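Dropping a structure here in C-alpha cells format, bear with me for questions.
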Amino acid sequence: MSEPKSNDLLHKAAEWWSTEIIDMKPGSIRFRGFPIEQLIGRVSFPQMIWLMLKGDLPTPDQSALMEAALVAAVDHGPQAPSIAIGRMAVTCGLPLNGAMASAINVLDDVHGGAGEQCMELYADIARHMDAGVGREAAIEAGLDAFIPGHGKIIPGFGHRFHPVDPRSPRLLELVDAARERHVVSGRFADIGRGVEALMESRKGRRIPMNIDGATAVIYSELGFSPALGRGLFILSRSVGILAHAWEQSQQGGRIKGPMPPGIPYAYTGIAPRDFAG
Amino acid sequence: MSEPKSNDLLHKAAEWWSTEIIDMKPGSIRFRGFPIEQLIGRVSFPQMIWLMLKGDLPTPDQSALMEAALVAAVDHGPQAPSIAIGRMAVTCGLPLNGAMASAINVLDDVHGGAGEQCMELYADIARHMDAGVGREAAIEAGLDAFIPGHGKIIPGFGHRFHPVDPRSPRLLELVDAARERHVVSGRFADIGRGVEALMESRKGRRIPMNIDGATAVIYSELGFSPALGRGLFILSRSVGILAHAWEQSQQGGRIKGPMPPGIPYAYTGIAPRDFAG
Amino acid sequence: MSEPKSNDLLHKAAEWWSTEIIDMKPGSIRFRGFPIEQLIGRVSFPQMIWLMLKGDLPTPDQSALMEAALVAAVDHGPQAPSIAIGRMAVTCGLPLNGAMASAINVLDDVHGGAGEQCMELYADIARHMDAGVGREAAIEAGLDAFIPGHGKIIPGFGHRFHPVDPRSPRLLELVDAARERHVVSGRFADIGRGVEALMESRKGRRIPMNIDGATAVIYSELGFSPALGRGLFILSRSVGILAHAWEQSQQGGRIKGPMPPGIPYAYTGIAPRDFAG
Amino acid sequence: MSEPKSNDLLHKAAEWWSTEIIDMKPGSIRFRGFPIEQLIGRVSFPQMIWLMLKGDLPTPDQSALMEAALVAAVDHGPQAPSIAIGRMAVTCGLPLNGAMASAINVLDDVHGGAGEQCMELYADIARHMDAGVGREAAIEAGLDAFIPGHGKIIPGFGHRFHPVDPRSPRLLELVDAARERHVVSGRFADIGRGVEALMESRKGRRIPMNIDGATAVIYSELGFSPALGRGLFILSRSVGILAHAWEQSQQGGRIKGPMPPGIPYAYTGIAPRDFAG
C-alpha cells in the first residue's frame, strides 16, 4: 500500500516549504495575491518592501515615513566594521554578493541590533500604558525593567561620535508631521522623547536620541515588530555596504588589512622559546 | 626625527580608508556633499541608492525606471536556493542579519550573476556599434564572442519555470515609455530585443527575454556598470530573503533540512566495511 | 606640538590589534613563543589547534582525546542544514570558501550550540560541587536551574534520528580509558552520566547521551570554555562541509533548490486579487 | 494513476541529495563504508580529513605530510583581512560561528586562492611532462602559459613581508624526507623548485617559494585537486580565525573598527553642497 504513503510524503514535502508570500505558476507570479506585472511600475520599492513584510500595501504617507528611515541609515563611514569588512572583502577577491554577505553578517546584536532593542523597550513601555499605567510611570517602569538585562547604555540614545545625531531631529520632525495628518498616532514619539527626558533628569545631562532611537520610533509607529526593525536597518545599510564595496573595487588594492602595512600590531604574548619536541 | 615619520604614517592611515561617498564631522553627515538632514524625507529610497552608487541624484523619471527593476526582482519563491538558505538559517538559530548573510552570499555568478553577464553582453554589442558596426551585425558579433566563454545558455533569456517570464514584457513596456519621454535612449532595449530575435532565427524557436535580460536593459539604459547590475539585484532580492526569513521565524521549526525528515537521501558510496586500524 | 600626539596615536594603533597568539618579524613567525619551523612536522594538527586556543601544548594523551571528539563530529549527512547549504551554495557558483562560509554561519545556537550549552550545564553542576554540594544534589540543582531558560530539551541528550547515538558510547569509552591513565579526572564523565540517569528516573525512559553530550564531556575534561566547545565543533564539522561541497562540485548541478523541481511548495496565502493602484 | 508518479518523485527526491560520503541508519553512521565507532580514537583528525575528501584512508606517512602543511598555515597575524574580520565580527556581537563565517568567506581568489592557483600551474607543467616534454622545457611552457591569465605575480612565490618565508624550507625538507622513504615521488618538489629557478634566471633575483608554493607542492604530491588545496588551506586557517576571534572575545570591545577612533579617514569627494530638492 505504498500509494497513500507516497502521496502523503509528497504532500508533506510541499508543506515543508509553505509560504504566504509568493504564489507561482508557469507564467504567473503573485505577491500577497497581486500579479507582479500589476505591481511593477505602480508601487514604489518601499511599498514593495512593506507588502512583502506585512502582507498588504501601505498608504503613500505610511510608505513615505518608512522611506525616510530607510534613507537615513544607509551608511556611517568606512571605519564602521560592516563597511570596512565589505571593503576588505573586495580586496580579497570577493564579488559584491560575497562582500555584502560578510558585511551584513556583522550587523548583529551590538552593531545592528540597537534599533531592535530600542523598539523592544518602547513596546514594553506601551504595554504598561495599555495596562492603564500613565505614560511617565510606564516609561520609568520600562526603563527600570530594561536596564538589568542590557546594562546602562540604553540603545537608541547617545552617540560616540555625534554630540547630537543630525538624523534624529529631522526624522522626529517627519513623525510629528505625520501625526498632524493622522498617519500615525504619535504614541511612540512621545515614548521616545519621554525616555530621553527621564534619562536627562536622572543623569543631569542630555543623552540625545540617536538614529536608532528615531528609526525605532518610526518603525514602531508603523506597526513593525522589533525584529523587523533590525531587518529594515539591514536593507538600508546594505546600500552603504554596496556603495563602499563598489568604490573599493574601483580603487583597487589587494588583501587590504585594517591599517597600512607600515603600522605594526602589538604582540603581548609569551617570550620566544624553543620547542622541545 | 620620528615626528615626520609618525605624521606620515598617520596620514597614510587616513588615506587607507579614503572615500568619496560620505564625509562626517561631529554633528554632521554629508553624502556626496549633501547634508543628510536635507535628504531625509526629500529623496526617495531609490534616489538615495542612486546617489550612493553614482555620486549624483537621478531625475524622478530615471529613479522610477530603476525602481521598477528593483520591485520586479524581490523574490522567486521559497525553493530558490537563496531564499531556502535564508529560511533554513533561521531555524538554526540565526537572527535576520545572519540569515540574510548566508543567503545573499549565494547570489554568485550562477544564481545572481545572470543580469551582470547579460549587461556585459549588451555592453560588448554597444561597443561594436560605437565602432561603427550596424546593430544586427554587432549583435551577431557580440553573441558569437560571448558563447565560447559562457556556453550555450545566454544569461537573460529563457526560463526553467516560466514559458514567458511575466515580469519582462512589463519592464520593457516601461522602458519604451521612458524612451518616448526621452528619459533613456532605448539603445539597450533594441539590443536586448535584437539578441532575442537573433537567437530565435538561429534556433527556430523563441527563447524569450527573462527578468535578468529585462533588468539588464534597464540598468544599462541608466548607465550602471555590469557589476552594479548584480549589486542592484542583491538589494532587490534582499527584500525577499528578509520576508521569507521573517515568515520562517514566525512559523517556527528547528534545524530545518531541505526535505521533510521522512524523505531519505540516497547513499551511493562504497559498501559497509570494517576498519582494520 | 603634534609629535607626541602622533606617536601616541601610532602606539594606540598598534595596541588596537594586539595579540598574544602570533609574533612576526620579517623572516620569523612564532606561535605562543615557538618558531613555526620548529612546530611544522613535529606537532600534530590537533596539538596545533590546542596551542592556538590554549597557549601551550597538550600532552599526546590530551591531544588524542580531543582528536577523538574532532573525528566524531565531522558530518551528519547531506540533509543537515549546514551541509545542505554548503552543497546548494556550490551550485550557485560559490567557490569552496564561500560555500563553507554560508554553511558554517548556520552552526548557531540551535544547530551548533548544543555542545556549548551542555558544557554550560556541566560547568554549573561542577560549580555546585566545588561549593560542597554532593554530585547527585548538584546535578539536580543544575538541571533545575537550566530548564527554565532552555526548555525541556536538554542539549546533549536524545536524538531525533538515532535511538542510541553510535558515537557517544565510544567517546565515553575513551574518556574512561583516559581517566584510568590519569589523563583526565573523569569528573565530567560522571556529571554527564549523572544527568542521563536523573532524566531517566524523572521521565521513566532513557534519553541517551548524544554526540553533543559526549563531546561536551571531553572538552570539559580537557578544560575548554563552553564557547570553545562550539568552536571545536565548527572545526570538526567544517571537514564534512568541505567534503560535501567538493562532492557537489563534482556532481555538477546549477541553482540546486532544496527539493527536485517537480515537487512544488505549498502556497497558503491570500487569494488572487487585482492591484487597484 | 498517481502512484507511479508519486513514487517516482520520491525516488527523485532521494536522489536529489545523494552522496558517497556518509551512510546513516538509525543507530548507525558509516563514513566511506567504515562505522564511525571504529574510526573514533583510531584514526587521527588529519586521516579523517583525508578519508572524507578522498574516499580512503592515507598511510600514516601520507597523513603526516599533509598534517605538516595544515600546521604551517594556521595564521598570519591579526592584520590579515580574514583574521581582522573575525575579530571585528566578535565585537559586533557575533558568536564564533558567525565570526568564522564572515572571515572564511574572504579566503577567496586573492586572499585564499594562491595555493590553488599554484597547484594549477604545477599541474599544467606536469601535464606537459606527461606528454613527453622535458622538465625544464615544461616549466618554461607552463609559466609562459600561466602569466597571460594571471599577471606577473606568480602565486606561491615571493612575500610582501618575509624576505624568506620561514615555513617553506621546513616544508620542503619534509617533502624531501618523504621522497627518500618513497611516500611521494618528489615530482612536484622538483617542479616547484624549477619554477623558482626559472624565475630567478629570468629576473636576476631570487623570489623564494612561499608557504602557498610549498603547501602546493605537498598537496600536489599527495594527489589532491587544486580546488581542494584551497579547501585544506581553509581548514588550516580556520584554526587561526577561531583563536583570534576567541582572544578578541576575551579582550572585549564593541563595534571595533579597523583603526582606533582617534585616527580619521580621508574624505576625498565633492565639496559640501545643498540639496535643492
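Per-chain numbering from 1; labels A, B, C and D assigned in written order.
Note that in this section a residue touches a chain if its C-beta (ideal position, glycine included) is under 8 Å from a C-beta of that chain, and two chains touch if they have at least 3 such contacts.
All figures in this text were calculated on a predicted structure; none of them were measured in a lab.
For the pair chain A and chain B, chains touching both partners: C, D. Simply put, chain B must spin 180° to overlay its Cα atoms on chain C, rounded in steps of 5.
On a Cα centroid basis, the chain most remote from chain A in this structure is D. Spacing of chain A relative to chain D, judged by their CA centroids, is 35 angstrom.
With centres set at the average Cα position, the gap from chain B to chain D is 29 Å.
Looking at chain A, residues 9-10, 13, 15-22, 24, 35, 39, 43, 77-79, 84, 94, 98, 101-102, 105-109, 112-113, 161, 256, 258-259, 263, 265 sit in touch with two or more other chains. Every residue of chain C that touches chain B in the complex is listed here, in rising order: 2-3, 6-7, 9-10, 13, 77-82, 84-85, 88-89, 91-94, 98, 101-103, 105-113, 160-161, 254-259, 261, 265. Only residues 10, 13-24, 30, 32-35, 38-39, 42-43, 55, 57, 94, 98, 101-102, 105, 258-259, 263-275, 277 of chain D touch chain B when the two sit together in their complex. Those residues of chain A whose C-beta lies close enough to touch chain B in the complex are 9, 12-13, 15-22, 24, 26-29, 31, 35-37, 39-41, 43-46, 48-49, 52-53, 64, 67-68, 70-72, 74-79, 84, 87, 95-98, 100-102, 104-109, 112-113, 161-164, 166-167, 169-171, 173-174, 227-228, 230-231, 234-236, 238-240, 242-247, 249, 251, 256, 259-260, 262-263.
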